[in-house]
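Next, two complexes with subunit A in common: one pairs it with subunit B, the other with subunit C.
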Partner chain A sequence: MAQRKERIDRGIKVRSDDVFVLTSWREMLYLAAPRVVPVVALFVLGLVAGPYWERVLISTCMFALLAISWDLLNSAGMVSLGQALFFGVGAYIAGTLNHYLGLPPGLTIPIATIGGGVLCTVALLPVLRLRGIYFAMVTLILPMMIERVIEATKIFGGTEGISGLSTLGNPHLEFWLAAVMVFVALFGFRRMMGSDYGLLLKGINDNDRAVMSAGMNIYHYKAQALFMSSSVGAFAGAFMTHAYQFVGMPVFALDYSMIPIASVAVGGMGTLAGPMLGSFILVPLSELLRGLGGLRVVIYAVILVVFTVGLPEGIFHYLSRKYNQFERWVGVER
Partner chain B sequence: MLEGTLIYGFINSVILMLVALGFSVTFGISGVANFAYGALYVMTGYLSWLGLHALGLPYWIAAPAAVAITAGVAALIYWFILLRVRGLVVSEVIATFGVGLAILELFRYLGFIGFEYTLPPIIDASVMIGDTYVDAQRLCIVATGILLAAFLWFFTHYTKTGLAFRGIAQDERTALTLGINGDKVAALSVAFGAGYGALAALVILPLGTIAVNEGYNVLVNALAVCIVGGLGSTVGIIVASFLIGFAQILTATYLETSWMMLVSLVAILAILVLKPSGLFGHQKQLEERI
Partner chain C sequence: MNNEVILQAENLSRYFGGVKAVDGVSFSLRRNEVLGVIGPNGSGKTTLANLLTGFVKPSKGKIFFEGQDITGLPPYKVADRGIARSFQMVKPFYQLPAFKNLNVALLSPRVRRLAGGRYGDRDAVAKDLLEEVGFERDSWVISHQAASLPHGYLKRLELAKCMALQPEVIVLDELFSGLSLAEVASLVPVIEKLVHQGKTLVMIEHRLKELFRIADRVLVLNFGQKIAEGEPAQVMEDPQVKGAYLGSEAEE
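The block that comes next holds the complex of A and B.
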């Protein structure tokens, strides 16, 4: 007999969705656990990790921010193949301000965050009307172009880059700041996507013409989403610049575009939490594989392909389905 | 000086056209994104090098075998990877780009870098045209380019398979009602495109060494030509490759060689901003922008 899998929401989920969540600790725990556990886990990890792994966690957080900004942009119907653009612009603004004007990180990072967001948004304004793969190609090409321009004109240190930038000081402070920023971005943007405003952005992704016919200026909203996303990316770039005390052409490298996309492919798109989960799997994994040298990129690429083809929904969607629903086989009449 | 620039500009344009033809068969004419194209191009070079030097085969066996293997690998990529994400354009791009990345970086990891990785030229001689020396290999490239472009135009206009390639790009469901199996035709077109790329690699690679980074450059150049020319238009590809080809040579002569790669990037950007469907493209003109 033919069978199909039936999925039904767990009772506890249905109760927790409503005011009944206040009836017992169990329901409250059910809602709170998936949110509190990762936060606590990350801070505990930061406390127990040695100096080396603390650095890894900092860069993991920055990749998580990039992945979140990718997902945010994707939720508004813009597919980017070049998060390196946002990252690199932020990195170069922070680096040059610090090197040439001697501003402290406390000033350069906020300036780079806002300035990078404005700069990237203005740069991409003319192509906002493009959709899908065409927008993706523009974003893929811009960072490559900037890289070549820097190489050819030798501005901002040229191929050598600028080194010897000032740090944030205490490495523990760096970690705490990075971790707090990740969760602020994650929960903040999740909340935003749940609001009417977020619904509008999702609408642009699903069917932009329908949103237009409802009398909304979608380019207005797309530009806003682009600004938010690129600011987050620029923050990550500025932060990493000060963490490594170096800014150079590698900030526009393909890594910063590919790893966020790979994280999204592994974690699952559209949730913001999935990309973060993905980067917390991929970036430490790539540190463990550091000994393999060039083979690392190969493994990355293979993971990317396997997840895109084999589990397109991503780990987060899979986990949340197991958490919220139960499954059973039921017979189907032919 | 001017004569040399013109001749080398012409040859460079034909090289660009050759590189772009295979990519356009898949991406432009059939609407299937194969971003592993650059990797397959480089793979042909390494495969025929391996055939010549590791197995000691004669050229007339090693080269066709490399082309056949490349086309086969492309068909496998379609059948096992692309088929599963068909229709999700972004997933298609990401998956094939990932495959290409894996192939290229695997070659880099295995140590295929150096000056010994060269392919033999088909004819080893040089000719004087006016006051400029041109080696016979470059003339061979021009001949191959003209031949392949002409064949492609004939193939896509006068054979059933070629018409089916164009059919699935225009409307896959309508094509299905006319008895065209979309999956089979798309697999065939991916293999066909890779075969075209492999042929291009065999005539172009003898000009220099086979390098991993060439794979990325080839992809960008092919993309530039296809987008500027307009998807699905053979004439567009020829015109676009001449525009970009001459622009590249002029940049290299009057500015610096390091600006050369920038030309194709700027070309893609400019055309996407000004006229996203390309110079000669008519497909999906309405859908890609509002």
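The block that comes next holds the complex of A and C.
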């Protein structure tokens, strides 16, 4: 029998654009594999990693959350240069509640997540009208401002910060919780962006005036997207506070704004999965390079440049395109 | 056409610094009427459209829609009341497929209210609307990314987006600009059908020949001021209008 090559996703795509009709286990596997493999891989990694690398994985997960929250905000037309604001506010809420009121992490983290989201959203409400670089400037300035306020007024421990906070207990539990949260955020928000609600957010990103003239209050939707994004950031901050048992001015550092953006650039914008992939490359990489001393930053920067020049679309876009192009031999009847 | 006034502008003005973009323009629009707005470049036509739809707040004057004062309402509230607009510079959602562009409008509170609290099958409604404005149904065009569509289709998409909102009044800002004669000729029946359905239209146009086929009344702007209003043939005889379009002879 003669044979020809056919793309594996052909049968799936031909039948419908967005409703997948699966007719075989092979097709099911084709769709499930890119989702299941990363999940399993991360948990296996957590099981085999030693205590040191487990800590690295936890902070990687938190950077992944920040990158996802950046991408979500960007999908709704808001470019942020200040994920550190969300991170820091969440961290300080959890830290102070734990230190001054003695609340356990089981309470402080949820309170910091919601409260941090509300605080950041309210703080940025007046500038929601700004677009592009103007919105970005405000988000860049706010965390720096809060940092200086803490330094000047010496509140919440001032420059010393607050140490000796309670942990979540078991380091394995910390890792599992972090990993689960990353995937909940990833798959949850990806699903959301595929829904009608996501359609509106994409519309606002593309063309906010056209959405307005369709009778929609875009500030309403922008505020909601901002709340979701800042909650995720605040969760990451609160979680790290308890993981390190310390909260201080470094939580507002530029790292927490820049590494998520670098992750998005490396991973691929607008996919949510891309930014996560990006942080899982960049954060462990920076740990691996730690032995190099002063040259570490140079090599790190070179790798970043190589990625952005070589794959400007991002690794995730590249991989998903290649994955969709997989072919197999099928029989041809004559 | 009946005599009920649906949209009324009173002494509408908008100043940008020292520039009087629109200066004391008053007019009233009856239900199911087609009003053409013409004038040379920079005469304030687009600013007038922006004023009517809330994108620009008037410096002076008032706008009444269905008897209610809508002056200074934000654009989304104006659209929600039933004034849709198209943009001269097309504003599609570039990353979405053509028919999904309409879904944004079909998700609006107004559409849901008019349908009795349900949204219905939006994809099907969107495809029907696109077919109405001249997209080939069951072809790749309706499901292709808006970014890859040619200009003619994007203009049609603008019109379809207005129709999706099921408005009372549609403000079309230079719908025909940049289209070929054949494309304009194919759009005219679409607009005539809208009029037949009882819609009220404000058409800002440079293509006078096509406009005069459709418009019941024409309003001429020059330097932000209304210089003439009336039936197309009569307006074009007006010496001031001739002067604005052709340039008046220098006074000796």
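Note that the second predicted complex is superposed on the first by the 285 of 334 C-alpha atoms of A that agree within 3 Å, B and C clash if a C-alpha of one lies under 4 Å from a C-alpha of the other, contacts with A are read in each partner's own complex, and residues count from 1 in each chain.
Definition applied: a residue touches a chain if its C-beta (ideal position, glycine included) is under 8 Å from a C-beta of that chain, and two chains touch if they have at least 3 such contacts.
This structure is a prediction, so every number in the text was calculated from the model and none was measured.
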- prompt: Is A:R209 contacted by the first partner subunit B, the second partner subunit C, both or neither?
  reply: both
- prompt: Which partner does A:N217 contact after superposing on A: first (subunit B), second (subunit C), both, neither?
  reply: second
- request: Kindly classify A:R129 by the partners it touches after superposition: subunit B alone (first), subunit C alone (second), both, or neither?
  value: first
Task: Check the residue A:G331 against both partner chains and state whether it touches subunit B (first), subunit C (second), both, or neither.
output: neither
Task: Answer with first, second, both or neither: which of subunit B and subunit C does A:L200 touch in the superposed model?
output: second
Chain touching more of subunit A, residue-wise (subunit B, subunit C): B
Task: May I ask you to decide whether A:G50 touches subunit B, subunit C, both, or neither, giving the answer as first, second, both or neither?
output: neither
Message: Please report the subunit A residues shared by its interface with subunit B and its interface with subunit C.
response: 209, 212
Message: Can you tell me which positions in subunit B touch subunit A when the two form their complex?
response: 33, 80-81, 84-85, 88-91, 93-95, 98-99, 101-102, 105-106, 108-109, 220, 223, 227, 256, 258-259, 261-262, 265-266, 268-269, 272-273, 276, 287-290
Field: Touching residues on subunit A, where the partner in the complex is subunit C
entry: 17, 196, 199-200, 202-203, 205-207, 209-218
- request: Could you please specify the touching residues of subunit C with respect to subunit A in the complex?
  value: 53, 55, 74-76, 79-80, 84-85, 87, 91-96, 100, 103-105, 107-111, 122, 143, 161, 164-165
Task: Would you tell me which residues of subunit A are touching subunit B in their complex?
output: 79, 81, 126-127, 129-134, 136-138, 141-142, 144-145, 148-149, 151-152, 208-209, 212, 258, 261, 265, 293-295, 297-298, 300-302, 304-305, 308-309, 312
